[in-house]
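Letters are used for the chains, namely A, B and C, taken in the order the chains are written, and counting of residues starts over at 1 for each.
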């Protein structure tokens, strides 16, 4: 078995300067909320670590997550770090197909037993194994087989992390998340539809640097990226406090860049790094483009209410059933008054 | 229904309407067992719960502001004198028996059943320390008429045989003889005759037909008989076809004050029957506060239909007669302040009448601070003045009234209620106070002028 | 289903049913008791205008009582106006109402709402202290008074915690806030909070009875 080159060697071969490399390490340290003293450690870890083997499993997904990671206007350092891992299996990106591809997966698993990472995008159908198969193998079987020797599992995107669109009501395929199936290995959720590329690579970098998984929130998401809400970091927040809201997408408020709360922004309940890390090489994020946050990195994303329904709207039926309650109230009131009156009549008779 | 052993002598010479201080108090009437008393109280509380009282009893916020309006609380700082607390048993019975959620209150035992000890304690709160003056009703942010509820709660207390000794005696005498002081029709006619002679005024008695029926209160007949002459002078001067009747002369209504609706109705019906018999168009009520409430506002409801005649308090009659020029008065060179009887002014709505009369008298009128509708009560209304054991409390409360009067520095203090007057007289004696309560009607009668027609 | 979805969905739903049914139950139970007919000759016309007049005038204290009741009245005003503003003029709340009413109205800036909310809480605390120390209030208060205070103040406090957060996650504290409102709605029709609608009945009744007498209302 040929000795894998270290990450540092590969980056050098790719023509990444030392300066550029350290800059990447500094950025990563900063978004991981690590002190500057950790930068050399990150650099050392990345330079000296052998390319870790990564197996990417794609189940019920749309390839949007992969697109997000690969489609950059220009090669980025985080793109390069992807080159630095040994992506041994990825439907969309690998050249091999059929038995060859499956053989590559098995080879990677055997060679790196106990040390490889499994990245999953897409949810897993439990309703009927035939809903989604790869090389004649159901998704759930393939997941279980692949995860058995892994060091950790990273669920990429909201489908893998929480079930996503396939898992939305009425969930025809019985889709579940990785978390629902993998309970004996660490699972890191990197949700989003799609997730932010930088967040993904930073999670990998953290794993390379420390060999551990980062602090996670109650939904299994790294606290460093999913610790604060979009709302708390939103540049439009002052308008929220002042009570200045866009009422429609083309009114004066919308043009003036006022808060999008009334247009259904889910920023207050959405934990993600969009407002700080931004998208498209740090260009912007949806709210800057004038659209409310959809809350794509949250569980129950699809079933949590309309995208354009304000957060504070109660989700209850206010029509006929409420009229029924009113009618019940009238009936009870009539009964109570009748009971009172009959008691009075009885007492009057008794004197 | 109830009997009391050991009746007490009428004390006709006393400063006020009362029996001699009972040697042995009988504040429990009859010999019902406690269970029966509780039942009676509950039954007769329950009878009063209509839409109006129910909303009142359901609406209380327990804000306690009524305490700040009540003279008994203001002067003693005793929290039990908080007006809404006085009807606590009434309220509790409502919630347990008739309120919309009565079922739950009973099921879950949320409101304790009223006990005999409760009822005995509340006798003091519902009778000794409430004059039904209604000041609390004006402060309540929910607009609850607490005074009205006290009157209703008394119904249950009466039927339970748990009312103060003297009040029961007075009310019983009234029901038996037609007058709380036992004054019969003959005695009334005798007195009228005497007053007519003494004051040289014609007092018509028992006319078969008359436009106006005048009635008197026993307090006046007994203690201020000049009132009869004054009434006659005024009605004669106005040229009214009027009369007194021996079959309907008593204006006071101790059935109402003590809490017996049957006796209340009997007293009221005597006046109504007499007025109907002579075809009266107007009944003129004497200077008596609760008489006004009993006939003007409750009379028709006792009768069960609108009354076939108008009901006027003497102050209203005088104001009307003076305003229309039926009578005229000489100017009086005095400074005067006026004490409003609660049931006539605050609760009766005739506040302006007395002021119109005073204006015609041309006196230097000095309104008390917060006079009129917000006036402090004399402390003797609602039957309190009859209850001997309540004297110390009543005197304590009277201080408020004294301060209010003294601030005006008026020469003369007037009112238009004999019950207020006797309560003032009694307190005056107790405190050796300078002010003597006078009668507005008597001042008018003394200063009548001939009207050229 | 997470806590927020539970709070916004089934919990609020059930609370709305009980709120509506309970409130109507109470009003109907009172209104359908026997009616008191008054045969006395009115001095003035009472009627609806009299009821409306007193519903309005009793919002203010008559001058003889101003001094004695100044402190609790001021606190009650702050509490009630604060509650009104917080409930009906906070933009997210307006959107909540718009969700089922179908129309909206202008709100106040959040900072002003926070201020009024804090003032309402402070006034409520002062009123509670008064209730716990005044001999009159100690005597006449019961479970209803204290529990109603609690369920009224709880949504105020949890609501104010949303911007402050205090280490809680937004959706958790929002869920707790909504659940505290659910508690309020469940208790509302049955306890003294019912004065919010009974006030129109009691003041209106007194207005009609006393205005037709021409007496002070």
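One rule holds for everything that comes next: a contact is a pair of C-beta atoms (placed from the backbone, for glycine too) under 8 Å apart; a residue touches a chain by one contact, two chains touch by 3 or more.
Because the structure is a prediction, the values reported are computed rather than measured.
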item	value
Innermost chain, where centres are averages of C-alpha coordinates	C
Result of counting contacting C-beta pairs for A-B and A-C, higher pair	A-C
Averaged-CA centre spacing for the pair chain C and chain B, given as whole angstrom	38
Distance from chain C to chain A - Cα centre to Cα centre, in angstrom	42
Euclidean distance of C-alpha centroids - chain A vs chain B, Å	80
Shared-contact residues (touching 2 or more other chains) in chain C	25-26, 28-34
Shared-contact residues (touching 2 or more other chains) in chain A	332-333, 336-337, 340, 344
Residues within chain B bordering two or more other chains	49, 54, 98-101
Partner chain C, residues of chain A touching it in the complex	229, 231-232, 240-243, 245, 261-262, 268-269, 271, 299-300, 304-305, 309-318, 321-322, 324-326, 328-330, 332-334, 336-338, 340-341, 344
In the complex with chain B, residue positions of chain A that touch it	332-333, 336-337, 339-340, 343-344, 347-348, 350-351
Residues on chain B engaged by chain C in the complex (per definition of touch)	49-56, 58-65, 67-69, 73-74, 77, 79-80, 82, 84-85, 88, 98-101, 104, 110, 137-145, 296-301, 303-307, 310-311, 345-351, 370, 373-374
Chain A-facing residues of chain B, complex	42-44, 46-47, 49, 54, 97-103
Touching residues (chain side chain C, partner chain B) in the complex	25-26, 28-41, 43-44, 54, 58, 61-65, 68-69, 72-73, 76, 134-145, 190, 192, 194-195, 198-199, 201-207, 209-210, 213-217
